[in-house]
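Order as written gives the chain letters A, B, C and D; numbering starts at 1 within each chain.
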Amino acid sequence: MADLTTKIGKLTLKNPVLAASGTFGYGLEYSHYLDLNELGGIVVKGLSLHPRNGNPPPRIMETTGGMLNSIGLQNIGVEAFITEKLPDLRRYDVAVIANIFGNTIEEYAQVARRLSAVEGIAGIEVNISCPNIKAGGIMFGRDPGQAEMLTARVRKATLLPLLVKLTPDAPDISEVARRVQDAGADAISLVNTFVGMAIDVETATPFLSTITGGLSGPAIKPLALRLVWEVARKVTIPVVGMGGIASARDALEFIIAGAHAVQVGTANFINPSICIDIINGIRDYLHAKDIQNLNHVVGSLRIKGNEAASD
Amino acid sequence: MADLTTKIGKLTLKNPVLAASGTFGYGLEYSHYLDLNELGGIVVKGLSLHPRNGNPPPRIMETTGGMLNSIGLQNIGVEAFITEKLPDLRRYDVAVIANIFGNTIEEYAQVARRLSAVEGIAGIEVNISCPNIKAGGIMFGRDPGQAEMLTARVRKATLLPLLVKLTPDAPDISEVARRVQDAGADAISLVNTFVGMAIDVETATPFLSTITGGLSGPAIKPLALRLVWEVARKVTIPVVGMGGIASARDALEFIIAGAHAVQVGTANFINPSICIDIINGIRDYLHAKDIQNLNHVVGSLRIKGNEAASD
Amino acid sequence: MKSTPVTVLSNKRIAPHCFRMVLSGISEEFDVEPGRFIMLRVGDRYDPLLRRPFAAYVTETVRGKALEIFYAVVGYGTGIMSGMTPDTRLEVLGPLGNGFTIPDPSRRFLIVAGGMGIVPLRGLTHRLIDTNCHNIHVFAGAKTKSHLLFEEELKTREISFHPATDDGSTGYHGFVTDRLDRFLAKDLPKKGNGTVCFACGPSAMLEAVAGIADRYGIPCQVSLESRMACGIGVCLGCAVKLRNHRTPGPDNEYYGRVCVEGPVFESKDLVWPI
Amino acid sequence: MKSTPVTVLSNKRIAPHCFRMVLSGISEEFDVEPGRFIMLRVGDRYDPLLRRPFAAYVTETVRGKALEIFYAVVGYGTGIMSGMTPDTRLEVLGPLGNGFTIPDPSRRFLIVAGGMGIVPLRGLTHRLIDTNCHNIHVFAGAKTKSHLLFEEELKTREISFHPATDDGSTGYHGFVTDRLDRFLAKDLPKKGNGTVCFACGPSAMLEAVAGIADRYGIPCQVSLESRMACGIGVCLGCAVKLRNHRTPGPDNEYYGRVCVEGPVFESKDLVWPI
């Protein structure tokens, strides 16, 4: 049987399929729908130093092949996570990655430090890309200098494998990725959602309370895939790709484009056991192609001739 | 019956629905499918000084709710357009807008000047946003300074109403829009396609010969709508909105967000007479809401309370 | 509990605005407390993308246990559903949510429905009757007589049925909440007085019911609707503002999930207007 | 010519890889020259978004004129089509494209098909027979005997049928192009010699046929496939490289549209490999 393991810094994952932050709760909610032990990993809902209420409803709207959300990072806070959720999560043999964010760089560092002090956290994913909050989030992700500074600070706060999650809305995402790498990140996660909007023409009002929200789901896959391909060629650390993945073929597109692992987000809502289907599908693909090791697929994109657009 | 006319600079359109460049050929191809006289306008396929071959196939691929294209601006050139297509087009009572591009600023100006010298052109749309060619196109659209310079130069070359078509991939699209306005444009068209990618996992090769292509269709609607809303608030000249419009409701979303007119692109491929359905649908909407004039809908978005994302 | 593949047994219009769909394929163990719901996947493609929530009811058919839903055609997904023919295959997730909390049978039950809000409340009345509740009043508001659902079914021995229509084509001519108010004004219960209230319908109507119940000191459970992505508590998309009674002060409001903490809430726990 | 609403009359598997779908609803005037095609909208949602091109054939049914297509299940859209039940409503655009150019009936016709390429060529042979062509050779390649379509139908008085299968389960054991080559080697036509060739199939096979035809000096029309968005010549998505015989030199290549200038091309006008 093919070897599906993949490495993110010093962290070895069973397989390359992780559940994406904000779409898998604190993991436990899905234990009725699939065997958490089979996952490559679980990235839990974004955690902040203090609990957060999030944005007023309405918070979501469907669009063609996608959805907008403006949750606003509602979460129970890092302390409640550690005391109320982590003990149960620890009973599973699955890599738990804590997605974190703060209003200030110092807050990020504090959350990271707090999580490093407890058992059962396999890695930290730093969200510098949420489009749905005023302070923090995307602010740090659009600017390479800020992103570097923040990463360096969090790097000092923890020895855990560090993933930094980028926004597709950065003017120069490759530059952000390079700087984040230089600052000591072990991996780049991308993409977070794209900023979008929907209007109720009956009332001439936005469908979301915050007017705009983050677009996710199959609709964004071609955009996310292109960014993963671009960034993977520019950095030496692993890239964890995501954006619209809903099948093993989708996941393989990202892996062929250069991702060492993938995350599945919105598709969990469509089919709560989809991560397992994707893992099995990747295994079948390797089997059918007689490939022994997933790593042989990573970045295996073959470009015929030159990549010339006409001039 | 409600007044559907709308103004783009000194150009008055019968109604706000135009067929988008590159999706409606030179207009005549559609004369079997709808009455061209009923359209608000036709934006013809991008014209360059000399004929262009375009990119090698494969040039298109379907994605969820959208499609990627990498046509590479294949066109018959401005001279052949004037002699072979325009005479037939002139027989219709419809605003013909010429979409133009060049490899250099000077080429843009030359094409614009050439088109100003003939009868039957209602306006010029300057494409500084094509993602599928090496020189020209998007290069000018990403940089506010370049965009301003180019617009100013073309402005000098023609007295025709001037629309400048922006790319969603600009780091700061509002700034580009402002500078284009300052340089004398009569309207801003947006968006052109978003850069995306798709991979054939069976062969581990890109589906498009140029690796990446431009994403269009319903999938991009929330992204395009948000950009139109952003830009419309920042400029005083009219905005012509597009991106994924496939129904009267979609068109109305853009108009409510601030667009004075809209363009329909990819949806023409799904249903060749869709522009007429959209015009009728807008008329029905105004009738149902007892609105006398389309202009009352433009920018009518009502924001409840504050637009506060949580902080 | 995985997503269950089901098959459309029948799908028919039963009122100008409403279809009844029966879905076979659920297991024998599938059981639904009144007020709980299912998330229905409308097809197998990505358009529409999200599942749609509907009140769930288990019914018996010649082919065994089946799931029965009643839906109004209000938009894209329900529009597609209305065109579905028997044998169409769909996916059901559930039952989900909390359902109504039923107090002891000796109480007087006021059931207040607006429009499609009658659907989960109909399941509730069946359960009340099954558990020997005898004092049941159903107040059902609808646009016209033909929009009034389950009229025959609910006119039973145990139920006093009080319809109200916008056009007066049957019952009270006006809002169902006014009908309720008049009823209580005439038959004023002392604080508590054993009366309990259950409501489902448009949010303005629910707010009015909550206000009336509050005035008369009647405990009131309301069933809410909210746009949902996951239905299982992970996306936080369905949030509704709740009052934390333990912490008074300005910070005592927080967001709960309609799909897990609801869809049924005590009206006093909600921050109105919702 | 608007998009025509049609209804699935029947949709059945007729070979391991192939379905036959009959669509009613076309007008009495609907007529298709062999080689032309339709664009079928697979449903009414945006997923899948684009129409799919299929060779068009008009057939008579008890309910009158109907459109007949034969399709292989190769991907997303054809996968969805294979699950469609009678009465499903779809949309058809067409007929589109140029179709085969048929020379005078006295010629000898070599029809060379690979896999599903037989579908438009079957329409062509019917037309040839209808127009009194007598000297028709059909070379049909398939994976196995059961993948060979229209075998019975094409074994008529007017046609010499030369099957070839990959596994030798019927006819020649090997490539259909080799079969063609052997045929011509034995029965060498003088330059021209009244023989004409028509081919449809995978592009490698077409290239081989074009090469053989060229060697024997036989004019050859090939029908191409290409991903299409519009089918009516406006998107330029279906481009194929053509040779402009009027301008020699390096600049004599340009892109033509498979949906308008094709799908049938003279093999000498194409820049191989396509």
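By our rule, a residue touches a chain if its C-beta (ideal position, glycine included) is under 8 Å from a C-beta of that chain, and two chains touch if they have at least 3 such contacts.
Just so we're clear, the structure is a prediction, and the values are computed from it rather than from any experiment.
Listing every chain that touches chain A and chain D alike gives B, C.
Both chain B and chain C are touched by A, D.
Once the centre of each chain is set as its mean CA position, chain A and chain B turn out to be 33 Å apart.
Averaging Cα coordinates per chain places chain B and chain D 36 Å apart.
Separating the centre of chain C from that of chain D, both taken as means of CA atoms, is a distance of 56 Å. Across the assembly, chain B contributes 53-54, 63-66, 218-219 as residues in contact with two or more other chains.
For chain D, the set of residues that touch two or more other chains comprises 46-48.
Arrangement of the chains shown, judged by which pairs touch: all-to-all, with no pair of chains left without contact. The touching residues of chain C, counted against chain B in their complex, run 46-47.
The touching residues of chain B, counted against chain C in their complex, run 64-65, 218.
Contacts from chain B toward chain D in the complex involve residues 22-25, 29-30, 32-33, 45, 53-54, 56-67, 69, 71, 74, 217-219, 246, 266, 268-273. Chain C contributes residues 43, 45-48, 80, 85, 87 to its touches with chain D in the complex. Of all the residues in chain A, the ones that touch chain B in their complex are 52-55, 63-66, 68, 70, 72-73, 103, 132-135, 171-172, 194-199, 201, 203-206, 209-212, 215, 218-223, 225-226, 229, 244, 249, 252-253, 256-257, 285, 297, 300-305, 307-311.
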